[in-house]
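Chain naming follows the written order as A, B, C and D, and within any one chain the residues start at number 1.
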Amino acid sequence: MSTLALLLTQVVNALSQSALLFFLGVGLTLIFGIMRIVNFAHGALYMLGAFVGYSLAHWAGTFWLALVLAPLIVGAVGAAFELGILRRLYRRDASAFLLVTFGLALVVTEAVRLIWGPDALQVPAPKLFSGVVFLLGEPFPAYRLFLVAAGAVMAIAIWQALERTRLGLLIRATSQNAEMVHALGIDVNLVRSGVFGIGCGLAALGGVLAAPLVTASHAMASTVIIDAFVIVIIGGMGSFAGSLIGALLVGFVQVFGNYYLPDFALAFMYLLMLLVLVVRPGGLLGKEA
Amino acid sequence: MTIRPRLTRRAVVAGTGAAVASPWVWTSARAQAGGMIKIGMPLALTGPLGSVGQQQKRGAELYAKLQNEKGGILGRKIELLIEDTVGNPATCVRKAQEMVERYDCRLLTGITLSSEALAIVPKLAEWNAIFISSDNGDGRLTAESFVPNFFRANTSGPMGARVVSLYVKQAKIKSFFALGLDYAWGHNSVQVFEDEMKRLKVNFIGKVFAPTGTKDYSTYITKIRQSGAEGVYLVLAGDDNNAFLAQAAQYQLASKMAMLTEQIELVALRAVGDASVGLIGSARYAFTIDTPANKEFVELWKAEHKTVPDTFEGEQWQCMKVFEAGITKAGGIEADKLRPALEDLTIESVKGKVLMRKCDHQGVQKGFAVKVVKKEGFDHPIPEVISTFPAEQTTPPCNKMTYED
Amino acid sequence: MRWPRALGLAFVALLIAAPFGLPAFAMTLLTELVILGLFAMSLDLMVGYTRLISFGHVAAYGLGAYASGYMLLNTSLPLPFVVILATLLTGVIAIGVGWVCTLATGVSFAMLTLAFAQLLYAIAFKWTSVTGGSDGLAGIPRRAGPMGLTLLTTKTGFYYFALACLIGSFLLCRKLVASPFGAVLRGIRENEAKTVSLGFNTRLYKIAVVAIAYALGGLAGALYAPFAGFANTELLFWLLSGQVLIMVIVGGSGTLIGPILGAAFFLLLEHQLSSVTEAWALFFGLIFIGFVLFAPEGIWGLATGWVKRREKPLAKVRLRD
Amino acid sequence: MTDAGAALIGIAGLTRRYGALVAVDNVSMDVGAGEIRAVIGPNGAGKTTLFHLITGVVKPTAGHVRFAGEDITGLPAHAICQRGLSRTFQLTALFPQMSARENATLAAQARNPRRWLPFGGGNVFTQARRAGGAALELLGLAGVADRPAGLLSHGDQRLLEVAMAVAQEPTVLLLDEPTQGLSVEETAQVVETLSRFLEQSHVTALLVEHDMEVVFRLAHKITVLHRGAVIADGTPEAVKADARVQEAYLGGIE
């Protein structure tokens, strides 16, 4: 493989990894921005997305339906959790949310094991993207290119939704001053349910998209939550653009770092976070420390 | 406050309070002298390695059920004490200690992770308990970390690496790169393989280790491809293995080089489907092994579970057979009687003849190279045995985790 | 509030008498509860008294455990010295950790503690010659001494040693939070900006409390290694950081005694539930959610609330006098 | 302007920019010992930023602050406070779950050289409690001393803030809009208490306020800020008569 081909392959590798990380991070950061909640169940919901996606793909015989429906279903689970539990806790301090979302993570993880069993399950890539594309003569999975495209499309879509739509306006306003929005006669609770649902749905979308790469498996939940936290904190809690930058940074550092210095694979992400937070305690685009 | 939440609160508090304070953990269980043969199995039933723990559980349960129908061992019924450790050594030590101290159970097996086993073995002497491993691959357990009350009925990691090396000898692949999981087993097996390749004068180009829990193998796949080797040797397990195989297939890695792996399990073949077809590697156990004992076992398994047994189901079965033969020979389960009875014990098992050699308590057994193929009647690819290597070749010298020839 | 003190003394008396009445495994479990309680209590100094939420307290536990394990395996120092040295080592390293982490506040602080814990995890994994790598250190002995003293090597002796460490640390923490230093910590907890504007260099106080909390967490780890006989990377795994935080909150943060009870509750519930059903995590999770909804002040809050409710009628009588 | 040599606080060319916005623009002023100086100006004139610059909460872009002859520019907030400048905040900043007495005690503790003592501390607490109690007394809060600060009335919360500053026995008291957000009755009560206290104590005070009546009641001298810059400086009467001030105030409202 030529140096140029290697470089190109690695860049696209990094982009595809960043895309998956972005789906995780953006949901987490949206939820934090609006609700000041660190959602410990995010990884579990990501996994739930993959398993729901597996069942839907098998039932419908197509990956695409799973891609659309699984986030909606998991999003509904998230919204229901907000309605039933979180809503009663907004006047409490952060530790209450820590405990309930930790509880939710346990419940979801175990429910997945009870429903789908302990083994990993196969979710094949969609037929359309199951082949390879040649990049400078080197075979590269079409599915990964699809991931990069999906990440880019979603990033633009979310950005536009935040900037242009009424819901986006409400979300931005609520994240800046919830009381003011409430005083304007808007049901802040509804915005919160919506955002929690959307955040969980985005995690599930990430789960479905990751499933053809890692299979629907139980280890998905455990390690991924930390990745998501790191991305969000590097970018700045509550910042949409920050989660994108965080995902790209982590993706590139992991892919290139693991290639040249594989012995430090466990440490890269944390060294990066340490560096960013020491220089900017609030994260790259964060407002506060 | 209204009445309802108060009742609920009281119910929650009372319920959990009762669960925590319920006295049974604070009491000692009644010891039943001469009663059941208790075999303790602290297993990773949930968590990332839940899949393996569940296999071990099923393997032992079927054995206990069938053996108890036949009247047990020495006329005593077998009772399995199965507990979940989530794969955490701290929990494993606690659960094992409970089995020993509360239930007076002196026979242990299962213990899914090597890290758990390494935490347990130093305590065996104090507990006066015998532990027969059914899946721990870490070479150290029969080498540096060896203790007299530990036995290994299963194929170890180095033995798997050796089988792949022996296969390479026939396959004439000229250069290799290795990818292993970054922990003891991965390093150990890659080391064995590297030594073997050097002895065989095969060009060993390089190696890389990935942390367990790696999701994206793209950069490792690129590195493997960049090496230009003719073959890649893989020491991966569980979800890491599945992720690698799924992703390697997407990069069409198999079209560039031969892929050989240390461990082939059905659970992985089900998870990655066609992406595993063509893969060659060692199987610690495969339901396609052609021995009379295995044919019988597979039939029994099908009757019970309507499916074929997987690696650790077969390994656990073999382990239970070792227990049975040892206890029968010793005429009891006391550690000081059972240990000498197990030493140099030979049984006829699903993998053929297995000798629990005296020097390091490793089960000397055949090695199997398998190839993953699609076959009618199965909705997933299956491992087919392509070479069987004699026990003398696959088992390392006593108390060693590397080979000399 | 004489009730809690009387209850506390009775409880300590029970703990001291425990080895005379309880069977072997109950003592094993109790020793582990004591160690874990100490670990949770150490975190309470940060979480409950200073509102420094940490996602990486496991760093203290793991560091203490590896340090004591390494010393017990490779030196001839007697057990108590090893435990003290490991505690001090953890505290000294924590000064550096605290210095960096206190550059940030809130969630960023928590994530920095996590970063250090994860880096330590990576070091434990990679520095095989000292830490044993992924295998960890196994067969860690409870060495006799000093002066040939073998008391601590026995199960009961070790239990008393751990219990003494817990009670000593508890008294120390209580003195600390009642001191002028503790008053400043409470100020930081309630309003850090105001505390600064009153003229307190809050960063130094935070670094100090991180160092003390880590040292005591390290003490817990230093006890765990000879208790369980091993130290491995699992003792540095991030999940344990989350769990110990849960123990603190469930027990009742800012009470010192609450987190000890929280740790006991957590461990016993996990142990009991998991021996009843494989789906124990489901019930475990539901119980935490139930706790948040129905017992917002934690176990200690429930207990003292109960006592207060019993005392109320008395107070009314006094008012009428 | 007072003679620079006698000034307790000397501010020279103090400037703070936020990007294109100049919040505080080349402000110079001197405050003599024992003086009660008010800084007034319409909303957004830079009064609070000026306070933040003096007390070290915000670092200046340019200029200097001298206190009792020492350059304290850019020192951390806690270090400036330790030199004897105690302040209150525009938005009430208290320890809401502690009692009023505990609030004042903690404030007084900050002045004790052994404030960090990690054990015992009987003496530290006794002294602090005495100073805190005295401050509560001075500001008429003795009756509510044992209530949690968060449950006090708004007026009492503002006074408690002042009491906390007073408990530190400061050389200079900096009051940031002590009547902000209070009703007319509460304002009258707070102003009454404050003026009585200021007369008795002879402390040097720097007061930020936009309520003119409050200012004329309390201050000896007034500095007027507009868009970050000083536009007038002098006795209340002189400032009242100043045409630029009237213009600025009317202009500020538009």
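As a convention for this text, a contact is a pair of C-beta atoms (placed from the backbone, for glycine too) under 8 Å apart; a residue touches a chain by one contact, two chains touch by 3 or more.
Note that the structure is predicted; figures quoted are calculated from it, not measured.
Novice: Using mean Cα positions as chain centres, tell me which chain lies farthest from chain D.
Specialist: Relative to chain D, the chain whose C-alpha centre sits farthest away is B.
Novice: Distance between chain A and chain C based on Cα centroids, please, to the nearest Å.
Specialist: 33
Novice: How many angstrom between the C-alpha centroids of chain C and chain B?
Specialist: Distance between chain centres: 35 Å.
Novice: What whole-number Å value describes the gap between the mean CA coordinates of chain C and chain D?
Specialist: 43
Novice: Roughly how many whole angstrom separate the Cα centroids of chain B and chain D?
Specialist: Here the centre of chain D sits 72 Å away from the centre of chain B.
Novice: Spell out, as numbers or ranges, the residues of chain D touching 2 or more other chains.
Specialist: none
Novice: Scan chain A for residues touching two or more other chains and write them down.
Specialist: If we look for residues of chain A contacting two or more partner chains, we find 110, 113, 222, 263, 266.
Novice: Residues touching two or more other chains, restricted to chain C: which are they?
Specialist: If we look for residues of chain C contacting two or more partner chains, we find 125, 280-281, 287, 291, 293.
Novice: When you draw the chains as points and link the ones that touch, which shape shows up: line, ring, star, complete, or other?
Specialist: Per interface graph, the chains form some other shape.
Novice: Name the touching chain pairs, would you?
Specialist: A-B, A-C, B-C, C-D
Novice: So in the complex, which bits of chain A are touching chain C?
Specialist: 32, 38, 40, 85, 88-89, 92, 94-96, 98-100, 102-107, 109-111, 113-114, 222, 226, 229-230, 233, 237, 263-264, 266-267, 269-271, 273-274, 277-278, 281-283, 286, 288-289
Novice: State the interface residues of chain C toward chain B in the complex, per the touch definition above.
Specialist: 22-26, 28-29, 32, 125, 133-136, 138-139, 224, 228-230, 232-235, 264-265, 268-275, 278, 280-281, 287, 290-291, 293-295, 302
Novice: Please output the residues of chain C touching chain D within their complex, sorted ascending.
Specialist: Residues 175-176, 178-184, 186-187, 190-191, 193-202, 204-205, 208.
Novice: State the interface residues of chain B toward chain C in the complex, per the touch definition above.
Specialist: Contact set of chain B toward chain C: 5, 8-9, 12-13, 16, 19-22, 25-28, 45-46, 83-84, 88-91, 93-94, 97-98, 101-102, 114-115, 118-119, 121-123, 138, 140, 145, 182-184, 187, 211.
Novice: Using the touch rule from the top, collect the residues of chain B that touch chain A in their complex.
Specialist: These residues of chain B touch chain A: 45-48, 50-51, 53-54, 182, 208-211, 213-216, 218-220, 222-223, 225-226, 238-239, 242-243, 246-247, 250-252, 255, 267-268, 270-273.
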